[in-house]
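Chain lettering (A, B and C) follows the sequence in which the chains are written, and residue indices restart at 1 in each chain.
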Amino acid sequence: MWHQTELILRPHPRGFHLITREVVAALPELASLRIGLLHVFIQHTSASLTVNENAAPDVRRDFERHFNHSVPDGWAGFEHTQEGDDDMAAHIKASLLGPSLSLPVRDGRLALGRWQGLYLCEHRDRGEARSLLLTLTGEP
Amino acid sequence: MWHQTELILRPHPRGFHLITREVVAALPELASLRIGLLHVFIQHTSASLTVNENAAPDVRRDFERHFNHSVPDGWAGFEHTQEGDDDMAAHIKASLLGPSLSLPVRDGRLALGRWQGLYLCEHRDRGEARSLLLTLTGEP
Amino acid sequence: MWHQTELILRPHPRGFHLITREVVAALPELASLRIGLLHVFIQHTSASLTVNENAAPDVRRDFERHFNHSVPDGWAGFEHTQEGDDDMAAHIKASLLGPSLSLPVRDGRLALGRWQGLYLCEHRDRGEARSLLLTLTGEP
């Protein structure tokens, strides 16, 4: 079984945001799979996806602080500066975290660990709506 | 063909550990696939998976040194501190390296390069047993 | 449908290089898939793959500058030094960016965003030819 759908996320402020519920809600087809994989792909180069702690909001704020520190806006070494101080840093953060997630499906549900959630990582000051392509495959 | 199984890794000390043999040993079904993919997913947010050099133990020690330097325990910028100095750093390392691997299968074997091995990256001082979900799919 | 093929990339200088066209050109089978996934795997531990901006060459130069700054050649903390100053740094960069990409396929084409391209990230001073294993699966 193959299923693919687009999910447009509304604009989010710069930072790390839980999107597990929105992704699952876009995929009623999940329920029909016994074993499978869900691939989530963000079609942008200044936002990214990761999996991390799904409960404490301070964890997500610390992600933002860490990445701002390790990849600073407007770093003096950057040559690509014409799109704003946050642009080149956003590209690098996007590759450090990556544009896609592959997640196991088991008995009709995402087989995440108890503390795992999906994050949208918005690296621009003025993030636009972000397009995700969800691809689901597996065995009924 | 779809196959899914859980592999519980015994507790490992903080650091980077080769787990290629354990993963392959848990998957006798690999031998029956001509072309396929193996997806390995760790169901935790303070340990991660990567692929790197499979021979020299000093490479794995240098991974630990680098990540401790670039994401220091107890960094002054962290707000999420109540679970210990190593906790928030562990979450960030886990996302930098990622919770999953997708690996090609060819002629009944993982099609890794000559020097590639699978690493468990244990980011906590007292790592617990870690649960991996292995999902194998392909063509016999 | 499953298809797997090897793509040998000619040696590239150290740095970040667009390889989207070469990968797509190696996969005429893409055209026959309505929905699917392409998995690209690099069989090396001192080069890696990522997705990022496909137009401005200064973005790719800034990637090289950032990673050289955050993972410096010959860092004093490294123990694994016998293969040259660039070797251990290359291993770490390879794991930060990762050895594989999973990309959605839709209507016979890679479903990348408008600005997304595939990068070969060559982390060695004298990069050799690099072997990619391309695995394509999906529904006609």
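The rule we apply is simple: a residue touches a chain if its C-beta (ideal position, glycine included) is under 8 Å from a C-beta of that chain, and two chains touch if they have at least 3 such contacts.
Note that the structure is a prediction, hence the values are computed from the model and not measured.
S.K.: Does the chain B and chain C pair touch with the same residues on each side or with different residues, judged by whether over half of the numbers are shared?
M.R.: different
S.K.: To the nearest 5 degrees, please report the angle of the rotation taking chain A's Cα atoms onto chain B.
M.R.: Answer in degrees: 120, to the nearest 5.
S.K.: Could you put a whole-Å number on the gap between the CA centroids of chain B and chain C?
M.R.: Chain centres of chain B and chain C, defined by C-alpha means, are spaced 20 Å apart.
S.K.: For chain A, jot down the residues that touch at least 2 other chains.
M.R.: 70, 96, 98, 102, 137
S.K.: What does chain A use to touch chain C in their complex?
M.R.: 2-4, 39, 41-45, 70-71, 75, 77-80, 88, 91-92, 94-96, 98-100, 102, 131, 133, 135, 137
S.K.: Within their complex, state which residues of chain B touch chain C.
M.R.: For chain B paired with chain C, touching residues are 34-37, 50-53, 56, 58-59, 61-63, 65-66, 69-70, 96-98, 101-104, 106, 111-116, 119, 137-139.
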